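We just call them A, B, C, D and E in the order they show up, numbering each chain from 1.
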Amino acid sequence: MKIDPKLDTFPKLLMNRKILSPDRPAIREKDLGIWQTWNWAQVCDEVRSLACGLAAAGFKRGDKLAIVGDNRPRLYWGMAAAQCLGGIPVPLYQDSVVQEMEYVINHADVRFALVEDQEQVDKMLELSPKCPKLEQIYYDDPRGLVHYTPKNLHNYDYLIEDGVKFYADNPDYLDSEIAKGIKSDISVILYTSGTTGFPKGVILTYENILSTVNSSIEFDSLTEKEECLAYLPMAWVGDHIFSYAQSYVAGFCVSCPESGETVLHDMQEIGPTYFFSPPRIFENLLTTVLVRMEDASWIKRKMFDYFMNVAKRCGVNILEGRSVNPLDRLLYLIGKIVVYGPLKNTMGFSRMRLAYTAGEAIGPEIFEFFRSLGINIKQLYGQTEASVYITVQTDDNVKPDTCGPPFPGVEVKISDAGEILYKSPGVFKSYYKNPEATLSTRTGDGWVFTGDAGYFDDDGHLKIIDRVKDVGRLNDGTLFAPKFLENKLKFFPQIREAVTFGDGRDYVGAFINIDLEAVGNWAERHNVAYASYQELAANPQVYEMIRKCIEKTNRDLSADSEIAGSQIKRFLILHKELDADDGELTRTRKVRRRIINERFTSLIDALYSESSRGHIENIVTFEDGRKGTMIADLEIQDIATFDHMKLAS
Amino acid sequence: MDTATTTDVQTYETERVREFTNFILEVEGIFVSFGGVKALQDVSFTVYEGEIFSIIGPNGAGKTSMLNVISGFYKANAGRITYQGNDRTKASPEQVARMGFARTFQNIALFKGMSTLDNIMTGRIVRVKNNFLKEAFYFPAQPQEDAQREYVEQIIDFLEIQSIRKTPVGKLPYGLQKRVELGRALAMEPKILLLDEPMAGMNLEEKEDMARFVLDVNDEFGTTVVLIEHDMGVVMDISDHVVVLDHGERIAHGVPDDVRTNKDVIRAYLGEH
Amino acid sequence: MNEKQQDASTNGALISVNNIEVIYDRVILVLKGVSLEVPEKGIVTLLGANGAGKTTTLKAISNLLRAERGEVTKGSIIYRGERVDAMTPSELVVRGVTQVMEGRHCFEHLTVEENLLTGAYTRRDGRAAIQADLELVYEYFPRLKERRTGVAGYISGGEQQMTAVGRALMAKPTVILLDEPSMGLAPTLVEEIFEIIKKLNENEKVTILLAEQNTNMALRYSQYGYILENGRVVMDGDSSDLLQNEDVKEFYLGVSGDKRKSFRNVKHYRRRKRWLT
Amino acid sequence: MKLRNLVLSLVATTIAIVPFAVTQAQDTKEQFFPALVYRTGPYAAGGSGFWGGMEDYMALMNLRDGGVNGVMLKWEECETAYNSDRGVECYERLKNQGERGATVVHPLSTGITYRLIERATTDKIPLISMGYGRTDASNGKIFPWVFPLITNYWSQNTAKIKYIGMQEGGMENLKGKKIANLHHDSSYGKETRPVLEKQAEMYGFEIRHYPVAHPGLDQKAAWLDISRRYKPDWVILRGWGVMNPTALKEAARTGFSADRIVGVWWSGAEEDVIPAGKAADGYVAAGFHPSGSDFPLIQEILDIVHGAGKGNISPQRVGTIYYNRGIVAGIVTVEAMRTAQAKFGNIVLSGEEMRWGLENLSISAERIAELGADGLMAPLSISCADHEGGGPVKFSRWDAASKQWVEVTDWIPTDKSIVNSMIMDSSMAYASEKGIDPRSGMSMGSDCG
Amino acid sequence: MFYREVGQYKSSYRADQAIFPITNDRIGVMLILIVAFVVPPLSGNQYIMGPILTQLLVFGLAALGLNLLTGYAGQVSLGSGGFMAVGAFGCYNLVLRLPEIPIFIDFILAGLMAAAVGILFGIPSLRIKGFYLAVATLASQFFLLWIFDHVGWFTNYDPAGVASAPTTTLFGSLAEEGGVLGFLAPINVLVSGPNATPEAKYILTLSVVVVLALLAKNLVRGMTGRAWMAIRDFDIAAEIIGIRPLRTKLLAFAISSFYCGVAGALYVFTYVGNADTEAFDLIRSFTILFMIIIGGLGSIMGSFLGAAFIVLLPPFLNILASHFGEGTLSGATLANLELIIFGGSIVFILAVEPQGIARMWQIAKEKLRQWPFPY
């Protein structure tokens, strides 16, 4: 698809959509029981009114509009409206606590906020005394807000009303403002959650985003016929690119689910053709499939196992168009009718043309499972700072353990320390109000440090090992890549989260979080009584099960001389689930090692002592924000390790 | 699990300003008896338009009988009921419904064979102009049906029961059934909502939810709510006025704070509790 | 708490429910592995929200599930060391397990006394013994004696509840499974009923398994409690401990710190704490 | 009960249900007869008895003679349960079976006969309603495919009045007499009301009708009225199935003498009287054939068919009224077949050819004797205009002690003079309502004009 | 298993409330309809078209009528046979006396007559319920049949009380050659009487039944149906939300009787060709009640499934027996065996699924949708 170079901002693209494909659906939202749909013409008008409303309220070029809430059409329109006026949308994670929001709103000099509902309004009202620059708060859903009196709090409809009036009085104002926009303008500021310190505001210009988006549309031949589900946080660059930028450029329709709990069901209804997700969604889906199959009748289970084997044997080859013997092809066809098709149907994957997984490494088994079903799922390596795309797998050459070759227009190199660097038109302008960070991340000639360690394999595919700073060495000098080990462990459905230790130590130790759904289901089937996560985690049989998983990992590790030395010697199962609310994980569920090191010191020490038990006391946060103390006494077990030679013999 | 609460999330709290001017319902000197048993004796009270009004009293005090008289099920032996200034003492339940009264029952009176959606849709029957011939040919009736559906969806959204929209109500847990019944009543766009123990058999969390819904109905639709409830906490928190019955007689009538301290009430109802 | 549970299985509880799973209509999973113990002559209470599985648990024990298209698909229920899964409700009544259903369920066209006598239907020990027990019931429920000739459909809710409990007593039960005795009753009456339950337990040595919404009452009158959520036991402990537990206070007693929360100030988006997931 | 058998039969069923055009390759010539039997339901005795006789007779032909002139007889049963809808279903199921389709159909139920008249006419399959069915169908000009053979309800009724007249000492003595017509309240039961009324006018007796609702168990009120208030001289019992013994018992209870009750031939089987016990003693019923197994023909059947273990009914029931009615039906059917064969050759006959056989059927006394059925039936002659043949009626009295029917009259001829004009009126009314032109010419050289 | 529902999202209430919201179902039903309209006539098999399919359709329609009343509105009736008779004799007289009217309008008029009678006999439903109402409707059954038996006018004074369908054409006599509507003559096919082809009769019946079934579905999914179900499930609650009990019940009686009436007319005109009151006796009423109990109360499809069970299973067993049992068992034993199996399967169905075959089908469908998962 050729994009008109004059359309160099989203507002211009949007206005052009009204001419290009006014009647095609632009956005949908499951609301009041059906998929409410707006076509491009309606979206255009809505954004126009909204922008005029903002203008009437005094929103000026360069002003920031905070966007907080679940994926809602009106919030997306808010972004476009701000951009129309030369303003900058600043989407925030909707589940952030007040303190986190307060930081961003102050740091980004936000004057206006468009939020979803009472919950977010409450947060805004709570932080507003400490954020003097925040002037106006608008909300989408008036539920529960009847008696709210603050003068600067208004309904979205109020904004539109003002906008309509403003437009009648100043019919040319908006068009001229849109025309003023140029490609080097700031398009959006996205705050990265960051594993340490305060979040950083990544400034992306229209040029950054549009250049990568244009390449990506060409790369994957995206058309206006794609169906896409917007369910990831709006503050995340992935959602911004896939649900906003690409949609505006390619003209495809984005669907917003009813609520977080209904995503899977909504996905089944919509049947996206284009899908983006971090690996855990795929992991969860696979776990659900396996768990539910366990409860199926004997015949169905046998059939499932048989055809999954067939798929394992030939599914990927069929997907990638390689030659497959006719019998297998026939069996696969039958399997498609009785197993793969129905499975894809229940997962909502039937129409999937292209799926991406990124953010973390995905388990090869999980990856292969979906590919063998005939779903074209690919891996991508990207960053907010790069407007996502760094390396992407191509359709015909997909390897489960790499991230593919560099994306068109992106240069990638590996530093001497093993760190990955890249350079591309999508590279961010700077961190907002943080020149030091900008300097330390991007070199003068445009190379950006990713902080990830990796290397290119013989085919030129990038392989990520871990964060550069997290790759360490055991005392005997063996390479220790904690994330690599943890991912290997997390590929077992029973293990939800794992944290490994080893840098500067004699051997590798691990904390394990069991997967409550998978292990709970197992417990029910084996008549193991448990009343809580804690109790289940402490069960000796569960310990035995996890020990076997780790043993298997060790056996795998022993096959590779490079890492054979980093086999796991001791482990314990944590009494609580690691939680973003407690700061142990990031919002995207990455382990925060520093916090864990601080918080579980006593347990780590126990791992590296002779003791068979470890004691812990710590504070936890509940979902409603309250805190409590947890005390636990946990068992620590040793695991067998394997010699590199022994396996080879 | 050993946990301790340390802090609470601060939330924005609002003060509701309540001013009432018009009576919507006036109950005067109602007597009801069943074969010699006197259920209600000379009960009078008035309900303001837009308020939350509670009827409380011990079991057997005549609360439900009172509600049945208001909703037209029982005919009062004597007395008068005035609605918006008009005498409607003799109206039948169905007429009362069409006037703008909706009620829920203590023991849930849902249509068990129908889905949540259909149950709430039945509440729209009073508001529909379709006849069966139009419906049989579907298309003539369809715009109406869509409009009704949209209205009902707002209620479903309001009561947060989207996920059970198509579930047969017989399969729902008790708390949700109560919510669906409230939904059906709301679908009638009532002026007065009569709730017979909406929180009976609920735990605290569910009571909080239900209280929230009652408050929201009152706030957002301006519906007058007449409530029978046992939980004094709920009644005192959310009511604007309270009438207390005992053995079919009115023993107190007023704002919650006055009623709470009324000697008769304490003796008859609250006991030492 | 896990130790406590393991102990209970060895000390010969009267009823022990082991990890049962209940599916309704062949598709809806209601109980997802519930285990509990009821010691002889004890009062044990099941707490939890509506739909948590309290009633289902009681019905699983009394085997009334089948009537509602439910079945126990996993786990076992042991009463006096004997598996009762395959018995009919009436066989269980003969063995001393009687359930008082939620919502009272009196025969509304019969008088109070007739209602009570239906409870003795399975007994074979003669008219005199039954008459004696009838007097006993009246002793506990003097209100019923006053109303003995009243038709059950026209007595008050509290009296109906008493009739239902009295009827259960007429079967000379070892265990009464009591479902929501406080439902729809005024506070004084609730207190009265619980007092009677306590007396029954003390004087007649009747074991009681109680399902209640009224957490405060239930914990005050019972010795041990289980909290169910979403078809699982999420917490259990001695009732006195549970009463002091901060979470129970917060979520079941409505007391936060020392202050009672006002119903007016509950936010509708309020997210709830869940013990599981 | 082997699984394989079950599977095979399921397959066979499927084949049978779907395309009926599929016919088996046949080596032998087989004439096909649908058997619309009823072995269940309240009238099972009639259905099983009749078909027992008919099938035994056909079996005798096959076993003794190797078929009729070399054409084997083949039949297939279809259970109607005396239900009209199922009768239609059976008819449709079986009508195209066999090499040239169904030969003739004996519905053995007035209801089913009515349902089938138009269908058989369209399908060109003769419908034999021997002693039942639609009376005015005796007019072969209007009902070319329906054959109420031997004697129809109205004819029978005239014989009955004649019998009563005989008992009263002459028809002139009927004047002023009172007759009650106790009938099944159905189209079957109501059939004779017009003729009775006409005869009442003619002979000056009084007639009163007493309809009895199906199934006829409740006759108390009717009999009280008959015995206590109306006090008729005679009662005509036009019952069916369980109504018959009930009537006799009620009569006895109210003190009405059984020998003043004259039954029609659907009220005159052993099954109708035995349950009434002594109450039935002396009761007289009409018949177009007697009971008994002493006839040489029946002895031969017992010998050859039952002797070979191929009987279609328990031997105890051989010789009962219904059984013998089946034998007579067999004789008439086979003789018609022979008649047709004489014209068309010894081939498997089509329905049309069979009709020619029926319309030219003539069974003389000699032929009857030759068949070993002397006394079992009266001589019979059918024409294309007269599909009845006007056969005479015989009356028998039930002897409760010996449990036997005793013939009390010889063949009493029916009163064609009354019946014929009525048939003509009724059938012409039907023809005009339906827009049927009376047959004016006959195919295959018949004399109907 | 065959369900692929992904991507079938609804963006309007109309789509969401469609009769068959799932595309697969829609395609399936379309296919069934096409097959039903095309295959039997092409096969030319009279047996399949007549006693099998037409009978099924006629009784399915009657069962549907009763199901509207009993299954949806909760009013038990034993008068369906009587209402069928009203339709049958009403239509017979219309055709006989006013041959100008097109036959399908006769069907409607006959249905309206039945509806009027239905309203009359529905009046007691305001005060009585359940078994008592069943008994009251029983009276209508007896009364109506008595009238048709004893008032000769209804059967045009036929001596045996048999109403025999005259030869009729689709558009009536006015559409014959030279008539006012003569232009319709080429398509004015014979639809009843001896010379009407089985194909014409079958297709007419099928069309009438399909249209009426569709209308019934529309009714029950609209406010009318909801009002009925409300009355059925909880009459007091229904009244409290403003439903007028008498009006709602009488409407149910009227529409139910309308359907039964049309079924009765079809019985005479396109199925058997003639009828007397025996065809609509009490046993018929009971049979129709059995159909909806076995098929499933409150289900349009259940009415037809139940009719299929009651109407088709006996002949199927009979055919099975005649192939299987030939030569091994006596005819009487086989006949009784059929009855035993028939009765046994009724008990079996009701024991396995008291809510009838329709519910079984629904569960099976749900399983297929969840496939390969158990839930």
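Simple rule for what comes next: a contact is a pair of C-beta atoms (placed from the backbone, for glycine too) under 8 Å apart; a residue touches a chain by one contact, two chains touch by 3 or more.
Remember, predicted model here, so these are calculated numbers, not experimental data.
Considering the contact criterion stated above, the chains in touch with chain B and with chain D alike are E.
Distances from each chain's CA mean to the overall CA mean are smallest for chain E. Averaging Cα atoms per chain gives one point for each, and the point farthest from that of chain D is the centre of A. Relative to chain E, the most remote chain by averaged C-alpha coordinates is A. Across the two candidate interfaces, A-B and D-E, the one carrying more C-beta contacts is D-E. The distance from the centre of chain A to the centre of chain D, each centre being the mean of the chain's C-alpha atoms, comes to 88 Å. Centroids of chain B and chain C (each the mean of its C-alpha atoms) stand 29 Å apart. As a whole-number value, the distance joining the C-alpha centres of chain C and chain E reads 49 Å. Taken residue by residue, chain E touches two or more other chains at 12-13, 16, 374-375, whereas all remaining positions touch fewer.
The residues of chain A that reach two or more other chains are 33-34, 122, 143-144, 532, 622, 624, 628, listed in rising order.
Against chain A, in their complex, chain E makes its touches with residues 1, 3-13, 15-16, 370-375. For chain B in complex with chain A, the touching residues are 1-12, 14-16, 117, 149-150, 153-154, 156-158, 162-163, 165, 216, 219-220. On the chain C side of its complex with chain B, the touching residues are 24-25, 28, 47-51, 102-103, 154, 156-158, 180, 183-189, 191, 213, 215, 235, 246-247, 250-254, 256-257, 260-268, 270, 272, 275.
Contacts from chain E toward chain D in the complex involve residues 43, 45-48, 50-52, 55, 96, 149, 156, 159-162, 164, 166-167, 193-195, 272-274, 276, 278-279, 281, 311, 314-316, 318-320, 322-324, 331-332, 334-336, 338-339.
Across the complex, chain E is touched by residues 71, 73, 92-94, 97-98, 102-103, 105, 109-114, 118, 121-126, 128, 130, 132, 135-138, 141-142, 145-146, 148-150, 184-185, 188 of chain B.
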